[in-house]
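Below: the structure, in structure tokens.
Lettered A, B, C and D in written order, each chain numbered from 1.
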Amino acid sequence: MESSKNKSKLWGGRFEGQTSTLVEEFTQSLDYDSLLYAQDIAGSRAHARMLAMQGVLGSDEAMKIIAGLDQIQEEIESGNFLWNQELEDVHMNIEKRLTELIGPLGQKLHTGRSRNDQVALDFRLFTTSALTLWQEELLSLIRTFTDQARKNVDVILPGYTHLQPAQPVSLAQHLLAYVQMFKRDFERVGDALKRTKVSPLGAAALAGTTYPLDPQQVSHEVGFKDVFSNSMDAVSDRDFVLEGLFSGSVIMTHLSRFCEEIIIWSNPGFGFILLPDAYSTGSSIMPQKKNPDVAELIRGKTGSVYGRLVSLLTTMKALPLAYNRDMQEDKGPFMEAHKTVLSSLKIMTGMVSALKFDSLAMEKALKSGFLNATEMADYLTSKGMPFRQAHHVTGKLVSFAEKKGAGLEDIDLADMKKFSDLFEEDIFRVLDYKEAVNRRNTPGGTGPESIAVQIRDIGEWVDIQVKSGKCGDSLG
Amino acid sequence: MESSKNKSKLWGGRFEGQTSTLVEEFTQSLDYDSLLYAQDIAGSRAHARMLAMQGVLGSDEAMKIIAGLDQIQEEIESGNFLWNQELEDVHMNIEKRLTELIGPLGQKLHTGRSRNDQVALDFRLFTTSALTLWQEELLSLIRTFTDQARKNVDVILPGYTHLQPAQPVSLAQHLLAYVQMFKRDFERVGDALKRTKVSPLGAAALAGTTYPLDPQQVSHEVGFKDVFSNSMDAVSDRDFVLEGLFSGSVIMTHLSRFCEEIIIWSNPGFGFILLPDAYSTGSSIMPQKKNPDVAELIRGKTGSVYGRLVSLLTTMKALPLAYNRDMQEDKGPFMEAHKTVLSSLKIMTGMVSALKFDSLAMEKALKSGFLNATEMADYLTSKGMPFRQAHHVTGKLVSFAEKKGAGLEDIDLADMKKFSDLFEEDIFRVLDYKEAVNRRNTPGGTGPESIAVQIRDIGEWVDIQVKSGKCGDSLG
Amino acid sequence: MESSKNKSKLWGGRFEGQTSTLVEEFTQSLDYDSLLYAQDIAGSRAHARMLAMQGVLGSDEAMKIIAGLDQIQEEIESGNFLWNQELEDVHMNIEKRLTELIGPLGQKLHTGRSRNDQVALDFRLFTTSALTLWQEELLSLIRTFTDQARKNVDVILPGYTHLQPAQPVSLAQHLLAYVQMFKRDFERVGDALKRTKVSPLGAAALAGTTYPLDPQQVSHEVGFKDVFSNSMDAVSDRDFVLEGLFSGSVIMTHLSRFCEEIIIWSNPGFGFILLPDAYSTGSSIMPQKKNPDVAELIRGKTGSVYGRLVSLLTTMKALPLAYNRDMQEDKGPFMEAHKTVLSSLKIMTGMVSALKFDSLAMEKALKSGFLNATEMADYLTSKGMPFRQAHHVTGKLVSFAEKKGAGLEDIDLADMKKFSDLFEEDIFRVLDYKEAVNRRNTPGGTGPESIAVQIRDIGEWVDIQVKSGKCGDSLG
Amino acid sequence: MESSKNKSKLWGGRFEGQTSTLVEEFTQSLDYDSLLYAQDIAGSRAHARMLAMQGVLGSDEAMKIIAGLDQIQEEIESGNFLWNQELEDVHMNIEKRLTELIGPLGQKLHTGRSRNDQVALDFRLFTTSALTLWQEELLSLIRTFTDQARKNVDVILPGYTHLQPAQPVSLAQHLLAYVQMFKRDFERVGDALKRTKVSPLGAAALAGTTYPLDPQQVSHEVGFKDVFSNSMDAVSDRDFVLEGLFSGSVIMTHLSRFCEEIIIWSNPGFGFILLPDAYSTGSSIMPQKKNPDVAELIRGKTGSVYGRLVSLLTTMKALPLAYNRDMQEDKGPFMEAHKTVLSSLKIMTGMVSALKFDSLAMEKALKSGFLNATEMADYLTSKGMPFRQAHHVTGKLVSFAEKKGAGLEDIDLADMKKFSDLFEEDIFRVLDYKEAVNRRNTPGGTGPESIAVQIRDIGEWVDIQVKSGKCGDSLG
């Protein structure tokens, strides 16, 4: 006699033992799967319609199935659906309910389909939504950084290399560097999307099916363009998840870099920014503290997204064809990474738009850092001294000024001439910080014309993305 | 005027902005923190008692506080506690409730303590429990493997290198190899515990405190032996979490190796094991399938634990002293890894105890793999031929036998003599598989005496661990 | 007085201490840098030509510089160049030699350029070459797999899921699944190349330059199309390296999957392939062994490439703008990963083209695995039974056959009818393996028409790539 | 006929094909192996001696073998040994040379041994040396940090949390926090050593051997205490390498944290340290720069060591028993990580001992950061105000002072009293930074007595390690 429990498992026919609760808990994927209900139902609707078009189902049958699916979606969204962990996954939960609602016809929906291609479609739809949301948020973030850049073209701060003051730059130039990173992120996510929006339905368990399915039709119905080329690849490919996790990792890398700057810049030794209250917290023991917790958390969560990429790479390594249960471990990593990436992008947009910059603190940092030394070297070069020698002479003058506790601009011309005859009165204009920034007007440089071009170009590029509707209506 | 919302934040005194819901959701740690309620309360009890012993609190005050904490624990465990995400973390939720219950006295509990040392203690207590549970499960697993080894001393199967048949071994020897891995795991976890069971309470925010605390007393109360040596290290050290994650990663590596063997061995081409129904599943589309899903999932989840180790290593890299909010990202990775490691150990114990081995299938594999070739080479060496030459001659004979479709034991002595004069009639006893196994009786080898020693030694070692009570009563 | 040693360092003007040998060894990047000599010289040639076109150098000066560079390249390639570790990197080694050859003019080459943008260009050129080589090898690998597929359309083997026999598939279908993976790899590498072939020259140290440079001209000279948009991004962007490492990681994932199959398939329990001698090795102690070492090494080295991706992600996390010395750690990881990926691709191509498949062994595996069970279930469904029920009935029949030690095709019709009245004589044709494969002729399935389409499509796609010259002349 | 090339391969007897150069290059491990020559020879000497003691070799034979090995070691160390890549690995290169030197007897050395247990012993010896060197360098580093702490007990700087000024601490306390990290590292490496110093010799290929070997004797000869318990585990265990890589990763984490501080502290906005010239470099384009390159490189190389740990974890995942060629990929990762860890420790010791701290800059940072706010809150608490309320009142006073551009110590008592009646004249002594530090004298706090205890304890601990000779003579 068969246990009543195993009766409810679809593959129970041949099994005589009893799956322990611990194993059931361990193997179920409902925690993550249940987040795929909308995708699962969308895929099922498309499958039912296609089956009817191909004559595998009657059109009345398809209509009944779709009506049943509609009702299930409503039940789930209104909180009236009873999820049953014993049924293992989202597919079985929905199919069982469908059969309750419309009788044995509900089982026909599975014709020509396996959970292997079904879950692949569901997760491709989910990943597509996630990556599209990232793109939308990247555009918002780009606009926010660009707005801040536009407002701060005339603010000059030390450009750092090795976190040492190097050359004066416009704050706009600094912010626009991040815009370029996020633009690459947008494009990288777009490239990942090309390989995500490919329908695997029709691959069945691994070999294709004997039913006269039309995979292209299903792909069209769910909003994809492409279909799988090989059934064994279709059910065992998780490249699209890896690409999502990698794109997300690079996004987090970029965000972590600006977070590091927010954290350093809000230390009183710098004081370049005033942390908006909404994005900082206090201390339970130290009343004077205003901590950049939000920036720290985004920086800290970067590790979490990297780890998720490592998880799935490791899981996929050396798996023979075709589907293996290990692959179930794609959903947790991606879904959690998605949540982190999406929140981080949104919060960064809010935080950056609320940032206030302290141009006086920046000016102070400029003066104490010999940020016009390169100008002096270039000046000497322009007068005919080979660059390496000009660099050497300037180095000597920096030492000289340092010992006097002065800036380069404070040295007498007479003293300068002791180091090189080439110095003339015009050196003092050269040493002015503002002038130094303005002179760097070649394409991509920190000069105002270059920055104007950057801002114009990025604006046009954003407009094109929005108009092309590539990443959804919410940007319209 | 202060917003009523910020009034409820403890550090709200100086803040004027409003923390958005998104940021609140992003920065809260309650999801994971709330799992630390028992540890938080245990630490608070110990702190209150110590404060009373040191005269910082009256003993009646401490008693009231402890009574309040007891009630809160009861409320939480009976599901009657209202968690409030706005209060950010477990510490604030409990303290707020305590103050409701016993009035302003509740706030005195925080005397000489900061959330920085408090959360470090809570998480050290949690990690201690987790690692102790792993040790218990490792002992169970060792006993299960040893039991199976004891039952299968006489079963011989091909020992593989490069997954190619190499030399015949006892199934017991194969299983006892895993016992050694799990024994190392037990010891490695024990080493991690030494550095986990160190109380940080008394470090306060980062610099120690002006109250006359007795950190040693708190450590004793919570069941630890050691206390922190340096307050700045105490609040910023997460080595113990890293060690836990690494130990867990190596445990998963070992489990994944046996899972790979379960998966390969249950393929019909091997057929060495019969998968117990409770640890396998069927296919929704292919009725004949019996899939080793549980073994696949443990193998797949190995990647997940590795990823969590990477997460925290990345998060901790290059953080300046002392506490940084990034460190909040230690809990999620460890708690999830803990769940995976603990379940995997338990399930593996159940699965291994239920495994049935097919000795006939193993015998068949032995015969087709020339698994006595090394015996032949050793035979020639024992007759005086240098080993390398013996290896060469045997290689020629394997080719000869392969072309005839026979085993080495099926070649006529006359034919053998064409390859070397040293062959005599006694070669045939040498080529017997059972004999080959029995001959390897040096310490650690696959021979029966060596195996008996291994089984005896591991039994004694397990007994010592259990008697020492190192890993809790549940083993008694 | 200045030490003669520091005189040779370009930034020695201001330094008075002495860099210890250990530090020199630690900070030098010459080990990897010296592999960039060709790229460094190509970039310098382009820079010199552009400086002349812009009037910064005289055209005779540019010619002298280029002649000097040509001579240096010849010296390096003929082994007559003396690398000096004290000069730290490739740039300084070449510049010093140039100055020896053509005098102080050599120093003018550095006008408007910094090592920050120079090394970024060098490494973008190197990465471009590497990725292009990968693309070439991916095309060769695709052709090799496709050739093997073409030859093995009629060979049928078990398609596995969970490494359990699932449904019969054509060996061609199995091989063509890998073709799809490598095609995605090709495209993914191509997407990475778009973001790699962007010239950063003109960004100088971080802020752009005051010289009237023409970055577009340099980009054109070195064979790139795009130029940097923002100087601070240009010197601190290593996304292109990350993308290369990620693309390489996914390539290795795919290779490791086929390696796993080679290893399992060459075990005698499967016996599906005969390992070519050139791609296997023997044992020093076991004369009968023929080990799939090459496949194991590719599988093992997958971990190494993953690790390199983790290295650079970790290194880049939370670096403030602009250049930081940490970034020097991009070269080692990528160069080693490149070597591994390139060798693995080449060796896999050789190994796959030399593989011999044993169709008899595959046939034997088919018969023992009930690989026609799905056919039976589909048969019942086609006769009107709901699929879930058909699956259940077939499961019962598999149990029945298993107990008799027979295949489904060996059960009498009368016996079948005890399980369902729907069985008729035509069931036996349905259970034939060849027929089962042939029936799955929907797009992407394992049927012969589907396979013919796949082979035709991939051939056309390869031709387009080759003709477009996207990945170099060597494919012509 | 056999090719002359394959004749030289030991397993060539049965092979007819030809291994291509590319494969040879791919599979050889000589690049790393050759660094194991000393370990290989030491292991062989011990093996030969044991074989003689057990009567397997004559004692004159053993003496001839050992003399031959001595000569080979001399040849290698004097650069007169010809490494032959065709012979694949270090073992074969040495054995071939031995046979040239002493004839066929050379081959007898391999009796009862396989390359599987031989390479495991070699690499355990190598890892033992490496970890012992790390321990030595950790002790040096601990002494260096402790020396700096001793010199800087009276220097006070802001203790940071969230990189925001929190409470004043002694510089000694800050430095001693690192001492605790390195002490844990020392102990962790010691724990790894326990599991590394286990001799696997006698496990042979995987099953043990028929020769009457004495594994304990070999273990003793090479300086280990323990021997393997199970032959299959002995040849397939790489836990010791993983533990080495993990210990190294945590060491790098700790170093990276101090590097981050060096980098931030040497920025002019902090100015807490003066970078010694020997550990910083200049810029080729900016004459004023003094860059913390060495600290940046150690920070950057942290990623490289993490990556190596990921590499080997990934490689070991899901490998079936016993030896697989994948395991060859243990040497590269560990050897490179070893080089990085060892150099980083040495360089950090040099750099820290050369660091000069600027106590004036630290004082300036103290004053501008309200670092006595906690003192004020504690003051109020000590007068009976509940801590949370005291925190709130102090927060209000910080706002008040901030608006006046003053410190808390600059507010009139009268003004203070507007916020709370509890303020009296004694508040001003409480607000003194030095006093604040001195008051935190509980165990582990930043007060001078606590620091004296820490310094004394660590000194005693170091003495014990040195005297126990645990990590070699060089410390004597």
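Please note the rule applied: a contact is a pair of C-beta atoms (placed from the backbone, for glycine too) under 8 Å apart; a residue touches a chain by one contact, two chains touch by 3 or more.
Remember, it's a predicted structure, so these values are computed and weren't measured experimentally.
Listed candidates were A-C, A-B or B-C; the one reproducing the A-D interface, defined as more than half of contact pairs identical by residue number, is B-C. Ranking C-D and B-D by contacting C-beta pairs places B-D first. Note: centroid distance chain B to chain D, computed from Cα atoms, is 23 Å. Chain D has its Cα centroid 33 Å from the Cα centroid of chain C.
Under the contact definition stated at the top, the residues of chain B that touch 2 or more other chains are 10-14, 110, 160-163, 166-167, 205, 264, 282-287, 289-293, 296, 299, 302-303, 306, 309-310, 313-314, 316-318, 324-325, 374, 391-392, 394-395, 398. Under the stated contact rule, the graph of chain-to-chain touches is complete, every pair of chains being in contact. The touching residues of chain B, counted against chain A in their complex, run 9-20, 22-23, 25-27, 110, 114-115, 204-205, 276-279, 281-287, 289-294, 296-297, 299-304, 306-316, 324-329, 332-333, 343-344, 346-347, 350. Interface of chain B with chain D (complex): residues 10-14, 104, 107-108, 110-111, 116, 159-163, 166-169, 173-174, 176-181, 184, 187-188, 191, 194-195, 202-203, 205-213, 215-216, 227-237, 239, 242-243, 246, 249-250, 253, 256-257, 259-261, 264, 299, 302-303, 306, 309-310, 313-314, 316-325, 374, 378, 381, 386-389, 391-396, 398-399, 437, 439-447, 450, 454, 457.
Within the complex, the chain B residues that touch chain C are 160-167, 263-264, 266-270, 282-293, 296, 310, 313-314, 317-318, 365, 368-371, 373-374, 376-377, 391-392, 394-395, 397-398.
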